[in-house]
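Per-chain residue numbering starts at 1, and chain names A, B, C and D are given in the order in which the chains are listed.
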């Protein structure tokens, strides 16, 4: 098994954290992982994206020119990656910000209203973990237990107080999938 | 005689600065070339013409100015020991 | 069970530049001098943060790359395990000092996270500094030991190796990477830390002449015979390094009819391309030099006897390809595929290059695609 | 009779390669005497420049490390930072410290590096054969200013010591001369003080020393020391430029 995922959105949506958490979870399961953030001026401003590869074997290229999974948190991200997703792959769209339909029928689409769900939880910032929880529930790249545990590593140190709300957000995303798909 | 100097004839490059600064005019260029080809400075204890004995005070101005550290200075001991550091009377 | 858990704890997901910094500290590096330049700033930032907790360690942000490499020189003269890092334009500025460090036979570790160029270029991953790194780079007749990691774990291992080699041979060692290796996170297990106090004494350092004659560390030899002697002595040292240090990875090479040669980031992309081409039934393997100087010419020459053609893939317009040709000495065809300027090729692209090359060599066996446009594919007989 | 003036211990018995009347070797002796008197010979590391004093390591009997042209302050910084117990001094000419090495010098001073710079100002590039230096005075003829330095074309002589005095990290900066026994004794005191500033861990110290270059000035040694006093000192007046108590 070698699965490549791209996470994309605009700065502040926590896109890099999504990828990082997935990579940590993969590592905790003793899988081979690479986490490759896009690097450049755009990291500090507009769009942000990262690529995560999780594999049972050594990973050759950390680059995904045709990823199995793409998570798009806004429309420009969907537009950027919609033609790259592997045929038979899945695109996860933040349906609060994306109303457009995907012009492909060989790719499965999973809609998650991440902003709305985060708002319901009383913390607008956890939309990323809601989306990640949904994505992992659908794909099973890692176990939800590992993912939840990974949050403790990701938020080590100063951000410890945020562990619980982020773990709850993961669960909320997973529950949303269970209820709607 | 209160003092004397010794000029290393091979270290000296004959720049003449010691001759310039000696208050007693007791240093002159040698007539003989050294191995490097310079006419080194030499210490004269007597005036050439009058053969009168000259009085080096061991003031060390020549050695202080010498760019080649070619001069050693000796002085008669009077009171306590003097060090090279205190050798120069013009020192402020 | 508890053992595996302990092991898991040792494994860390870290970005390459932090891996390099941590590995340097564990290698006993206690002095870092640098000047900011993207894409390697995470390394000096890591050193600054860690050294802030270590009273015996020195981090100094210098006023320029020129100053920082000369501070490295001073620290090495005084006996420290010392490192500096920069990216392409900054490394150019350091070349003066690097030449002196090589001439004075001082150990030092220099990291170059290459970017697209020439000139200011861009901060994307590229490999345009191969010549500069492996052919001397600065003035005079010298070589750096050049290590080219491609994996996070290798960054950790090679950084340790870099400090050991630098001390062993009293020679500067360059770690050649790029922004992708620096930014990418992979799980890493670090070697145990070395206590710098336990490192073997260096009997040549300048530490004050207490109880011994005073020493001079210099590179100036106005006597031409002594300078020639020094140059030949360096050559003998370089020959010893060549015999002992050369290293490479061979992947699916045993039965290969075609070999792709690539290093660093390019090698990982090439490996992905090899895997795809293998799935198409093409007997292709990867040869990845881990040391760029000394270059693994002999093992490559042996492979050349076995294969029909060698493809060299670089993120440049063709630099290492010259060393490949020198190593191969006409035993087989050598072709080149390059993506310079910070363009990162994809494994798909490389598999297309492999299959079209294979098609040319074996027109009846497999029908292949074509190399993508825009890049240069040259063939040398 | 007692020997009252002899070669200091920190100065090897190697004949100097400098020209007759050159100020460098006087300054070598003064630095060596100070090192002896402070008892720091066995923990001193010197960093000479490129230029006439590039071979200074053949004369000082202390550990000596070469530096590329202009970079002595950076090399000395590296040494001192990793071995603060050592005494690090740079020995630099005007071209080395005030042209190619200006950045390294100003920033070492501004960081308050605990190093001591001996800055030999002879208003000319000596070893390369008498070209214009950053401290060449206006009107002075050199091989690259055959009609004399013209400030509007060639720039003005640079007051590096004054610039360094502005830097917050510099503690002690003095300009002296070796043009007479009186000035030589003053210079030695200044060098001693500059080393003391380092030993007291206070910051950057520098002594600028006006020094004759009879060969490139095309003068006799006696004329050259007069030129220092009558001409150079009007442009570069000897004084304590900075002395932080």
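Annotations
The rule is short, and it goes like this: contacts are C-beta pairs under 8 Å (C-beta built on N, C-alpha and C of every residue); 3 or more make two chains touch, one makes a residue touch a chain.
None of these values were measured; they are calculated from a predicted model.
Taking the CA centroid of chain A as reference, the farthest chain centroid is that of B.
Comparing chain pairs C-D and A-C, the larger number of C-beta contacts belongs to C-D. Separation between the centroids of chain A and chain D, computed from CA atoms only, is 63 Å.
Separating the CA-averaged centres of chain C and chain D is a span of 41 Å. Work out the mean CA point of chain A and of chain C, and you get 33 Å between them. With centres set at the average Cα position, the gap from chain A to chain B is 88 Å. Taken as a graph of touching chains, this assembly forms an open line, each chain in contact only with its neighbours along the path.
By the definition given earlier, chain contacts exist for A-C, B-D, C-D. Partner chain C is touched in their complex by these residues of chain D: 41-45, 47, 54-55, 57-58, 60-68, 71, 73-83, 86-88, 103-104, 106-107. Across the complex, chain C meets chain A through its residues 8, 11, 13, 39, 123-124, 179-180, 183-187, 268-269, 271-275, 344, 346-349.
Contact residues on chain B toward chain D in their complex (touch as defined above): 3-4, 10-11, 13-17, 20-21, 38, 58, 60-61, 63-69, 71-77, 81-85, 87-88, 90-92. Looking at the complex, you find that chain D touches chain B at residues 1-7, 11, 15-16, 18-26, 29, 33, 37, 180-182, 184-186, 214, 220-222, 225.
Those residues of chain C lying in contact with chain D across their complex are 30-31, 33, 58, 60, 62-64, 66-68, 70-80, 82, 96-97, 100, 104, 206-211, 214-220.
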